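Here it is: the structure, laid out below.
All chains are identified by letter, namely A, B and C, in their written order; residue positions are counted from 1 within each chain.
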Amino acid sequence: MKKKTFIQKRSMRSQSMYHMMMLPGMIFVLIFSYVPMFGIIMAFQDYVPAKGILGSEFVGLKHFKYMFSLPDIWQILTNTVVIAVGKIILGTVMAIAFAILLNEIRVRFFKKTVQTIVYLPHFLSWVVLAAVVINMVNLDGPVNHIIQMLGFDKVNFLGSNTWFRPMIIVTDVWKEFGYNSIVYLAAITAIDPGLHEAAAIDGANWWKRVWHITLPGMLPIILLMAAMSLTSILSAGFDQIYNLYSPMVYQTGDVLDTYVYRMGLISRQYSFSTAVGLLRSAVGMVLMLAANGLAKKFTDRKIF
Amino acid sequence: MRRRLFIKRVLSIATVSALAVSLSACAGGAGGQEEAVSAADGPLGAYEDTLVCSMGRSTIANPKFPEGDSYEDNAYTRYLKEKLNVEVKDSFEANGEDYDRQVSLAIASGELPDVMRVSSKDVLDELVENDLVEDLTDVYDEYASDYIKEVYDSYDGRCLDGAMYDGRLMALPGTNYDAAPCVVFIRQDWVDDLGMKIDEDGDGCLTIDELENITKTFVEKDPGNTGNPVGLAFAPYLTSGDYGGSGYTMMAIGAAYKAFPGSWLEDEDGNLYNGSTTEGMKATLAKLAEWFQKGLVDPQFGTRTWDDITALLTNGQTGITFGPWHLPDWLLNNVRSMDPDAEFSTYTICDDNGKVNVIHNNAVNGYMVVRKGYSNPEVLIKIANLFFDEIVNNKNLETEQPEVYQYVTTVDNSARPIQVELNKNTYLVDEYSDIKNCVDGKISMDEVRSIESKTNVEAINRYLADPANSEVTDWSKYTSRMKSMELIDRLTNEGKLEWDTPVFFDTTETMRTNNADLNKLQEETFVAIVTGSKPVDEFDAFVDAWSSRGGEQITKEVQEIIDAQ
Amino acid sequence: MVQKKGIVSNLGRGTIYFIVFLLGLICLLPLLNIVAVSFSGSAAVAGNRVGFLPVDFTVAAYEKILGDHQFWRSFGISVLRVVLALILNLVLITLMAYPLSKSKREFKGRNIYMNLLIFAMLFNGGMIPTYIVVKNLGLLNSVWSLVLPGAVPIFSVIMVMNFFMGVPKALEEAAVIDGATPLQVLTKVYLPCSKPVIATIALFSIVGSWNDFFSGLIYMTKVNNYPLQTYIQSLSVKLEDMLNAGGSLSSLVNVMDVSSQNLNAAKIVVSVIPLLLIYPLLQKYLITGIVVGSVKE
């Protein structure tokens, strides 16, 4: 009896303490995220900076209707989703695979050096990297030399609607997999090595142990990262594509962001780009909630 | 203390959060007229008390200020303080697109600087419609110096009209002189090596067939010894706004077919049309497609970046390129640095009748505006007088203002606290005649009108003294002035140029929404036709699609605007 | 203890080493190219002749950087913002992640907070409203404008929360019975077990602040106040954009100054060095973190 009231008291105290711990962060979120959210209204206006949000004319769903009336909108959405999904899948797989492989490396110097090197491309902007990529994959570049040596025809990666998307996906994975693997490495370190030892004694080979111990151990973080990356399903990476595409590959490479950017060059399209952003957020939210639901159903583990 | 202020601000913003965003946007309009600082009369009358003028400054990457100087504090701003007692304070400094963004943010937050540059007509429209900028009609009439008025008059009103709203001058437009035609630069050292004879009549004009033959010879003989000659290399976009930006485009070739893609022109009967949709455009594309087929156009056409093409030229994979007259100053100099034997001759392309078709540039490039309610709107005009009359026309600048003189000759123009250019429409021909006469010894250095021309004469003389061992920069000045400018001068004097005037340069309502789509359609189709992935007749389908996807509506809107003028 | 060799065969291990080596190599190439460019002569760079070794070797670009005051000023601003953001982020993230790792029974209101955070992570009002807020707080041109808007990286909060959820309850209960307050539980029990994840989010924070150039472009109205990446970004202009914007001849000449390409490359190289130094420091926590699993129930 006495003990229960003690716990209740403690719990009351903890409750207010928990709120206190949330408070500082929530103030920042309120000021820098929620206050500016009034800007979302712009998506339903013809926003003119000089008139402000109160003064600009309301136009309802005009910008959304216009977006879906664009002759190329389905092509653009397809490009965006295909490239984004390709990056998410290949990028996640590569990052996880690399983390697992690296974890097997026992020579500490080698391990540390490689890890540092693969994380470097993340810090180079696409403006800079695009120049490197162009030199690698153009008709006279080393990639085409190798292709020719293997007995195939040269491929104009930058101008081919067959090869442009794969090239975008692969080069993006190349830039980011090292950096993305960091979080998986952290996850691997959290796995009890005793489990591995026990499994080895039971005669499980390396593949089996990766499959039955390492991957399940990483599952929470894999789910979290996958759910997060789903929110970017409508952003295929503006800087990369902008610096590599050309009219020749608009058909497969023109994505939402590049299109909105070109619109903005003609006249400032704040309302339209806000509308696109809103659509992106809404889709991202639906996908993330769905992922959370699925995760709960199948693995009995909520992501958030 | 600061901390409490911060917390107070946080609280205030949290409570009136809904209004904070919108209220501040209105603050700008409610300023009212501030009390003017009095000044002496005249175009360069100094202020009695220091006039502080806040500015939005459009900058460039890698500015080359002498040690310790900045945009806010440099020889020009110090000179401005000395002469007019005006102190410049920068509200924001940024470069290119980032500058335009800062302008939008300043407008949105309701705090405009006193004076700023506005790059596009769109933004100027917005400022005028919402009564955020001063009417400059009266201060222009009263304060602009005679020479400045002369400069604007040389455009027959085409320039000032660009900033007129209901007959009132709402901004000081920057000028943009005519720089036509698009010049074709050809490696003369290769021509000599191969013993070729080009332009035998010496009129500076090549026909399309002559260009084809030269290209063919270059591709076959590979005079650059690279083993991989590429023929004609073009940027993926086919056109540019005017001749100043025509580098690596196909404007020169289009002109031979009277094709001016993107420009709004009128035919003989006064019917409005867009230059992208003409038979001439189709013929241009057909010719390029034929050349692509024959291997005379770069096999990677459509995907080359600007840097790629510069590299092709520098490496000697191609020796023919197209661009504005000043290309040797900033691109072809790389070719010369790499290969000290490189020489370029300049030509242009004529049509079947031997005429060179050209259009006038948009006479306006950028606008300077004064915030509504600013105490001394005339200061903008005085600054213009100081920088585009006083400094330009002062023969003794070198001795009287050595520091300013050094800036004029070595520091780029973005350092000036006024970020448009004011030059006469005849700028090129004037500069050429001064340079030519001075180099030939017909006039003395003192008689050369502009400081820029003087420095160029010195460079050219250095080059001529020892062409083989000259500095690359001297070679550049020689090539751009004594070759490109000479060509333009000659064609002008001989009456070879056939001028047309675009009737509209701005943006209409439907352009705002539909141009991204139309441009995409155009770029895609044109590239596809040239590379042969679509037949030339696809052009007709393009014209239909262009009309139905907004082109027809836009044409109607442009017609209405012209009719209203 | 099982022998390491027994876990993976020699052949398998050789393959793994080879694959990892290859991956490392292809990631090294772009950087090698940029380093080579930074040490090459300008004409060779313009001619696109520089591969992975310098052509016409010169250190002129690095000498120029040494004399570029703005570069070092921006470098200092970047270091300052990284430190401030790191401290603020770590404090706020861990403070928030702990209560959020409780079930909604243990912490009433937990789900409301969570939903608010997720909504804020997904939706934003865009550039202009955020600018107006920052401006009204008087933060323009202050280093705080680079730090405060990103004070709560929500993704990191969720990640740390997830790790905290995996910390064995027994440890916490023991501490609570000893009379520890939630704050003490966080610092004495949770943080020590979570070094790998803390190191990870610290790295995210450092890298994010160091790499971000856009807030500098918006909130800093003068080059003097630019952080390093903003400064570097402002140097590499696309020529096409300049021509289309009607750039004047003098500015074209300046931008195309033959020395600028290798100079910009050198600036990139120098700007990456701090990240090269930071990483190994945090690496030891990432590779051999304290094993949470060893205390699992």
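The rule we apply is simple: a contact is a pair of C-beta atoms (placed from the backbone, for glycine too) under 8 Å apart; a residue touches a chain by one contact, two chains touch by 3 or more.
It should be emphasised that the depicted structure is a prediction, and the values quoted were computed from it without experimental measurement.
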Consider the two chain pairs A-B and A-C; indicate the one with the greater count of contacting C-beta pairs.
A-C
Among the chains, which one keeps its Cα centre farthest from the Cα centre of chain C?
B
Go ahead and note the Å separation of the Cα centroids belonging to chain A and chain B.
40
Once you find the CA centre of chain A and the CA centre of chain C, what distance in Å lies between them?
15
Numbers and ranges of chain B residues touching at least 2 other chains
10, 13, 20-21, 24-25, 104-105, 108, 237, 307-308
Touching two or more other chains - residue numbers and ranges from chain C:
48, 128-129, 132-133, 137, 236, 238
Got the chain A residues that touch at least 2 other chains?
31, 34-36, 38-39, 49, 53, 270
Once bound in the complex, which stretches of chain B touch chain C?
5-6, 9-10, 13, 20-21, 24-25, 59-64, 70-71, 90-98, 101-102, 104-105, 108-109, 119, 176, 235, 237, 240-242, 244-245, 247, 306-308, 310-311, 314-315, 326, 329-331, 333-334, 337-338, 365-366, 412-414, 421
Could you list, by residue number, the parts of chain A that touch chain C in their complex?
10-11, 13-15, 17-19, 21-22, 24-26, 28-29, 31-40, 42, 49, 53, 98, 101-102, 104-106, 110-125, 127-129, 132, 135, 174, 177-179, 182-183, 185-186, 189-197, 200-201, 206, 209, 217, 220-221, 224, 228, 231, 270, 273-274, 277-278, 281, 284-285, 288, 303-304
Within the complex, chain B is touched by chain A residues 27, 30-31, 34-36, 38-39, 48-55, 66, 70-72, 131, 134, 138-140, 156, 158-159, 246-251, 254, 259, 262-263, 265-270
In the complex of these two chains, what residues of chain B are touching chain A?
10, 13-14, 17-18, 20-26, 28, 104-105, 107-108, 110, 120, 122-123, 126-127, 129-130, 132, 228, 236-237, 299-300, 302-303, 305, 307-308, 507, 511-513, 515-517, 519-520, 523-524, 526-528, 531, 549
Of all residues in chain C, which touch chain A in the complex?
1-2, 4, 6-9, 12-13, 16-17, 19-21, 23-24, 26-31, 33-34, 48, 91-93, 95-96, 98-100, 102, 106-110, 113-114, 116-126, 128-130, 132-134, 137, 148-152, 154-155, 157-159, 161-163, 166, 176, 181-183, 186, 196-197, 199-200, 203, 207, 210-211, 233, 236, 238, 265, 268, 271-272, 275-276, 279-280, 283, 286-289, 291-294, 296
